[in-house]
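Below: a set of structures, written as structure tokens.
Presented sequentially are two complexes of chain A, the first with chain B as partner and the second with chain C.
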Partner chain A sequence: MGTIVLKEIVDNLGLEVKTCAEKLETTKVSGGYVSDLMSDVIANSKEGDLWVTIQAHQNIVAIATLRELSGVIIANGKQPESETLEHATQENVPILLSNLTSFEVVGRLYQMGLRSS
Partner chain B sequence: MHTCLSPCADIWNTPKRLIEKAREQGIHIIGISDHNAAENVAPALRYAEKYGSGEITVIPGMEITTAEEIHILGLFGDLEQVLEMQSFVYARLSGKNEPEVFGEQIIVNEDEEVLGFNEHLLSGAISASLEEVIERIHSLGGVAIAAHVDRPSFSVISQLGFIPESARFDAVELSSSITLKEARRRFPEIARYSVISSSDAHYLHWIGNATTEFLLAQPGLDEIVLALKQKDGRRILME
Partner chain C sequence: MNDEVLYRKRFDIQGRDFSNAGNVSSQVKAVLKEIGIEAYVIRRTAIAAYEGEMNIVMYADKGELEFLIDREKIQLIFTDQGPGIEDINLAMQPGYSTAPPEMQEMGFGAGMGLPNIIKNADKFEIQSEVGKGTTLHVIIYHSKHPE
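Let's turn to the complex of A and B:
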């Protein structure tokens, strides 16, 4: 599968951009991963993946940095803690919000052609 | 409370400073509970020795992350028990810490000298379930407390949605951001348990943000166990 530019996903799904708006055009998404267990994401996500979760605490930024993920979509209308956004800005991790459920978000990403890497 | 061994805690949270700050706050008993590790319990016990018993008592503990990513507070009667718990945890904890991402994990002595760095991924979860961890804590003679049940992450309620009957907690803990009254309204199921409140201090200035008052004959875990069970006149004084 080819990669998709993050900006395209943001526009298509109507995501609210909380951090790193300036790098949406240059960030390439090579795959997707969905999970709410940190340890599972550490073990199984791949570099370049866009991560869909309902977790909103600051550890998601550490994990996105560690695994070099292309961004995090926080689904289901969950609001990130302020520390999460501060860290994400520092670490250059795009944090995107959606009012859709994880199921809906992942379904739409799949429709756009995104797959597990 | 956490020492500088916990990756997410302040590096100035040395056992010595935690104890001095607790004394300043008029606290007589503290629990040292780092994430998935206990190397800084011994220096805390040693530093506390310079004060008379009754002035400050250190309870050896650990905040364990179960496979479900639930934080359980294990409190133990002595150093040996908590170190045995640490062996159980290390055997089930994989990954290496990346200090730049998660934070430093500093092992110190009672004089705040750095002895080394813990290399385990202490921010991770161990491959044992909630029930297995509680059973292990109990078999070692410790007390298992559901940590910060009011918090939106890493609490038994945030992860599972409720407190399962199969999890034989000895008490539940509230964070400093909620009153007992509010907690009872939002989480009616905690009525089944004794409730304590603690600071979960990751920074020195958090110490004293929340405390629990116990009526005990003397400080120590065995007395706290009686208070949690409301036995022999021991109890929690809280409202």
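Let's turn to the complex of A and C:
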């Protein structure tokens, strides 16, 4: 499965970019993972995955950093806490927002050719 | 010779401090990367470190991690001053959790913490005393997993 540049996903899904706008063109997404359980994501996501979740607290940044995920899409119109964004900026984790549900977001990512890596 | 400690570091972990939760695991991971441990071993250690750290953050007043590396293995020793675990066998069952609803809403306390640690450890020991605290000892061999 080929990789997709994060910028293409942002444009295609109309995501609101909250952090790391400068690295969208250079960030490669190799797969996707969707879950709202921290232990599930830490155990089962893969490096380079784009993570879709409705969790918006700052521990999502710790997970994304530890697992070297390519970014986080917070779905369902949930707004991240300001600490989440500060932490994500420090750690270079792209945080993207969508008003779509997780189901819709994942469906569109799949349609773009993204798979579980 | 293999037991000679090449690297040792002690980290404090503050209970209920969700804003810094994950920092200790990130530092552990950074050390392993820097000394060139295999990616597969780093992944397993990072998962165990994260879950051990989160257990202290979620349940204990405070705790610490002692992180040791020798020629053949990585050791993570978590010690906390926490409530202790009443029934260790139950706590090790996937899906069992005593986390309060507000933590579960944040996606913690899914009952996967100890199972994740056990799955990624080569050796695992747990000791706990109700009202006193819990110690977790995780060993992951690094020389046996070339990748």
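By our rule, the second predicted complex is superposed on the first by the 117 of 117 C-alpha atoms of A that agree within 3 Å, B and C clash if a C-alpha of one lies under 4 Å from a C-alpha of the other, contacts with A are read in each partner's own complex, and residues count from 1 in each chain.
Convention: a contact is a pair of C-beta atoms (placed from the backbone, for glycine too) under 8 Å apart; a residue touches a chain by one contact, two chains touch by 3 or more.
These numbers were taken from a predicted model, which means no experiment stands behind them.
Taken together through their common chain A, the two structures put chain B and chain C in a clash.
Touch criterion met: A:A62 reaches chain B and chain C at once.
In the overlay built on the shared chain, the residue A:S70 is in contact with neither chain B nor chain C. Counted by residues of chain A touched, the larger count belongs to C, out of chain B and chain C. After overlaying the two complexes on the shared chain, residue contacts for A:I42 are found with chain B and with chain C alike. After overlaying the two complexes on the shared chain, residue contacts for A:E83 are found with chain C alone; chain B is out of touch.
Of 21-29, 93-101 or 183-191, the chain B stretch that intrudes into chain C once chain A is superposed is 93-101 (criterion: clashing C-alpha atoms). Shared contact residues on chain A (touching chain B in one structure, chain C in the other): 37-39, 42, 55, 57, 59, 62, 65-66.
Those residues of chain B that touch chain A in the complex are listed here as 67-69, 95, 98, 101-102, 121, 123-125, 152-154. Chain C contributes residues 18-19, 21-23, 25-26, 29, 46-47, 50-51, 54, 106-108, 110, 112-113, 116, 119 to its touches with chain A in the complex.
Chain A contributes residues 35-40, 42-43, 53, 55, 57-59, 61-63, 65-67, 83 to its touches with chain C in the complex.
By the touch rule above, chain A contacts chain B in their complex via residues 37-39, 42, 55-57, 59, 62, 65-66.
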